[in-house]
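In the part that follows, the structures are each spelled out as structure tokens.
Both of the next two complexes hold chain A, though its partner changes from chain B to chain C.
And now, the complex of A and B:
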């Protein structure tokens, strides 16, 4: 198949997934018209005012009509009926722009203005954690795979599997107990506020460590499996028999081919981090995307929950496409067939 | 992976339950499982916590929700309260012991329900070309959701309770199970024993549940074990995020959440449930690793 065609199919399927997923989110959160009115009027609004709003906004229309209207507003093709009808006495906001998820009742401002700064903070934490996960996972995976079955392989594999068994909140509490309560060398809260005397980088250490501990074992395991398969192949045996040093065989000959499959898995960790950060951010009070999602959910701010869900879906699906494309580029077999 | 599990997929000719049970028993008793030290190490916490859950009322004299006003100023572990009390004066050990009951019932129940739905969906989509594209696409969509985000959205929509936790886990896990089952059906459905059943004029339902399903039992059991620890982590996360069991019922994740606020003064309140969850999950994962490596070699 032509690579362009394959890419187009992949992107098309990703778009279809996105559409179906957004429809599911819409149905789940907005199926009852009282839900939507609550989203606009706030969770403590009265039943009668919700009923009135439902009628004014045409919330009793068929589901598909309402969904298309909602998507139109989100991508900026339509004006937000809530704003144009002047139903909320909130500050003046644009009625039509890309990413119009409505108005957050919890933060009293447009949803984008809440989500974007939170996303930036999360991107900072996730980047640090991603590199930690990728480097540590690859390092341990390569060592274990190269010395398969040895004592070092067995002990490192055990460490990786135990680390992956400790939930984020548990490792966070244990790390806090050691570094914050007992030795007092790190801050217990990472609200990115430097007035407390702790620098931003010191505030990032614990949350990033929690994410790395929970996830590096998964990457290490994938790299190890791929590495052992490569190490058993004839060309590696030939290289060893030729008298090349073991290190050279591992790092020059084996590594290149062993990293093709794990590459996909490592990239997919970006998608995992989007939701993996929720718990960690809540423990450390980190002002990021995950905490916004949770606060929105707990206070019933539906518009904000929808925005967070759709954004995380976009991130996950984009990383999936990116890892598929990367795999196509990296894998010589796929290139030859193309 | 698939060629390594091949021997386990060798056809069972008449998939009556006794044959399946015998095969599992043979796989366990003949196998290296009973010789694997990690298996025993993993069994220790799992069995201990199961015993604690069963005998919870005998192991503590305290009601998990009763407040000891006298302990409020001194919540640290003492002779009266061996693991201390929490910020409301409730005995931590009593809450841990009764909390073990909810973890050890909700996690297996939600996995069983995930497998029930996943197996039916997977069998149907692997066996019927008509249903396949719909189920496959739907599974893709569900698996695109980040797990925690999916849980948060679902619980926002349907509210927190123990049955809704089971629903949330099922919605997020069943598609993954369906995908595995579908793959195995595609692998098995052109074998002779399925052709034989077709020639005998057996119905599609009979073939799916009595010819195909029994041949998937061992790989599915391995998968079940592997998912157990993960599910406990996720249910704990829900509790931690305040989306789990509604208070005041004891729930390990919820206990961690309540204790974190008092981390600097009374770390034991959150440390104890953390160690409980971690030990239980490590136990389950060690058992699962042992089972998986034995199944791969069998």
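And now, the complex of A and C:
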């Protein structure tokens, strides 16, 4: 298959997945029209006022009609009925724009104004953690794979397994006790406020460390397995028999092929780093996407939960597409088939 | 003493005869219009005591103090319903009066008040030098606008609960009730700096009511809205407000009276996780906590450079059912819940003893009108008998909603739940996150509510248990209590009032809507180089009193 066609097919299927997933999210949260009006008016509002609101917002229409209307609002083709019905009152907000996920009842402002700054913050933390996880995971995986069965392999594999099995809240408290309370070299809260003298980068260290500790073992094990397989292959043995230095065999001949499978695994960590870091963000008071998602879920802020879920989906699907494309580029077999 | 209210002489006699405490005397005579300094001097003359000279700390000019506290979105100050929210507006908006940490109410934007002998005419003399941040002078017109705005039920202020019995009438409007001022002249502008309140019934606690959290003095042009740049008479200006994150204030440079020592003051929201606040204090990202919980105290007591503050309060947690739904509509069920509770054990369990045992009537030992009663002991047999008489011989199955953001309330709920099980009252706990719970605190059928400290029990009872008031979360309605309350509010005589309070307390224990096993002391930690802080029993924080020493 032509690479362009193959890519177009992959992107097309990603779009279809997003559409189906968005429909499922909508159905899960908005299946019952009275549930929606109850969330807007509060759980103890009267049945009659819920009915009145449902009529006003067209919540009694068929599900598919409501879904299409909602998509229309999200992409900016339609005005948000919650805004035009005057339910929000002041402050006045725009009713129609791209990315209009509605109005957050919890934060009392448009969802996009809540989510975007939080996403930016999470992207910052995720970037630091991602490089930490990838570098540490690869380094340990390569060393263990290259020296399979050695004492260093066994020791590092044990460290990676232990680290991966410590829950984030536990490692967070241990790190806080050591670096914040005992040695006082790092800040305890990572609220990204710099007026207390702690730089943003210093505030990123502990939450990033917690994420790295929790996740690098998984990457290391994948790299190790892949590396071990490559190191056993005939061309590597041939290279060693030819008298090439072990270091050259590992870094020049083995590494490129050994990284094909882990590449996908490493990229897929991005999805987890964006939407799965709730515990770390809460423990450190980090103003990120995970904390917003948690607060939105706990307080039943439907518009915010929908937006957060969809954004998480988009990130996961995009990283899957990227890892597929990367896999195609890196894997000689796939290139040959193309 | 000729300028004083006639009861001031009687109060002085009671003090000298030992029939009133020093604090009762101070509180009563200051409410009757005697200046606090004069009242203290009178008390010292009657009962000489070495009063610690309140040393005024010398502050370094400037600096910044940041305290950890929940930072909720506050856009409508007249609807403020928690001490944290009131702290958010308090730095910028003043009340007419101010009740200090000593429970004594003093003039603030008013220079003095006079009260008629029958307690029905209160004349408020305003300071003539108060200005808003915009530079405009604060006058009687502002006071009239604010009081009328707060007492208009379209604006949803809990002030209505406090003022209803003596300033408002209730009328039926369709299927709803509407409150209006009892008389067109109830709030009267006398001149530019004098306002008179003409009451339909006598009321002693007017100055304390004027310090109510939901009754700040705003610029009428704000139309009751608050945010960055809000125009108030307070010592600070809001320069940054991010709900759930932080609110930052800068000191006003043109303040009419008290330019703060600090240049910047701020509240930081670090979420509900107790360890985050501890870690933030350890790394000096915040300088103190609005309030510490018992688990934080254990850790923080080991930190160097922090100072501990504690004060006894009437802050409490009450467990209440909605009295207009089953099974709480039956007073026997409500009493059975009280009798099945061992309050001493709950105090140890929930607060590790940092407080006092509650007596299920919401009148605290720190309230001046408290009348001691014999302890209400646990009586399982009687509790079971009452339940059976109410038709629940096989016991009860209930669901109790609890806010997760106050650990001691969760512990209290767990404690009573296991105690009640012995009386066949089976309770399923529904622990909700604070942000979710406080949206519905007054609507859940059976819930646990934290009530902040109030200097007077009659204020608390009027807010929470008078028929039809906005914060009557239990929908309790008892004409006998309403009448006793009105009587207590109109009684100046300390001994007489205590007798009425005794009847109220007994009525609450017998018929009331609450189980109230504890009184919580307030405690917190601040950096030891912060001066001027006094732990207020209500949890109120006045940024302008703080400074770096």
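General observations
Criterion: the second predicted complex is superposed on the first by the 326 of 338 C-alpha atoms of A that agree within 3 Å, B and C clash if a C-alpha of one lies under 4 Å from a C-alpha of the other, contacts with A are read in each partner's own complex, and residues count from 1 in each chain.
Here is the rule we use: a contact is a pair of C-beta atoms (placed from the backbone, for glycine too) under 8 Å apart; a residue touches a chain by one contact, two chains touch by 3 or more.
Nothing here was measured: the structure is a model prediction, and the numbers come from that model.
Superposition of the two complexes onto chain A shows a clash between chain B and chain C.
Contact with chain B, but none with chain C, is seen for A:272 once the two complexes are overlaid on the shared chain.
When both complexes are overlaid on chain A, the residue A:198 reaches chain C alone and has no touch with chain B. In the superposition on chain A, A:282 makes contact with both chain B and chain C.
When the shared chain is aligned, no partner comes close enough to touch A:11: not chain B, not chain C. After overlaying the two complexes on the shared chain, residue contacts for A:298 are found with chain B and with chain C alike.
Applying the stated contact rule after C-alpha superposition, one finds that A:328 touches neither chain B nor chain C.
Taking chain A as the reference, the larger set of touched residues comes from B, when chain B and chain C are compared. Once the two complexes are overlaid on the shared chain, A:176 sits against chain B and chain C alike. In the superposed pair of complexes, A:188 makes contact with chain B and with chain C alike. By the document's definition of touching, of the two partners only chain C reaches A:106; chain B does not.
The superposed model built on chain A shows that, among 294-302, 312-320 or 366-374, the segment of chain C colliding with chain B is 294-302.
Once both structures are placed on chain A, chain A residues 173, 176, 180-181, 188, 282-283, 298, 300 are touched by chain B and, in the other complex, by chain C.
Chain B contributes residues 38, 137-138, 140-141, 144-149, 152-157, 229, 233, 236-237, 240-243, 253, 256-257, 259-260, 263-264, 267, 270-271, 274-275, 277-278, 281-282, 284-286, 289 to its touches with chain A in the complex.
The touching residues of chain A, counted against chain C in their complex, run 42-44, 90, 106-108, 173, 176, 180-181, 184, 186-189, 191, 193, 195-198, 282-285, 287, 291, 295, 298-300. Only residues 16-17, 20-21, 24-25, 28-29, 158, 161-162, 164-171, 173-174, 176-177, 180-181, 188, 271-272, 274-276, 278-279, 282-283, 290, 293-294, 297-298, 300, 302, 305, 308-309, 312-313, 316-317, 320 of chain A touch chain B when the two sit together in their complex. By the touch criterion given at the top, residues 64, 66, 73, 75, 225, 243-246, 268, 270-271, 273, 275-286, 433, 435-436, 439-440, 443-444 of chain C touch chain A in their complex.
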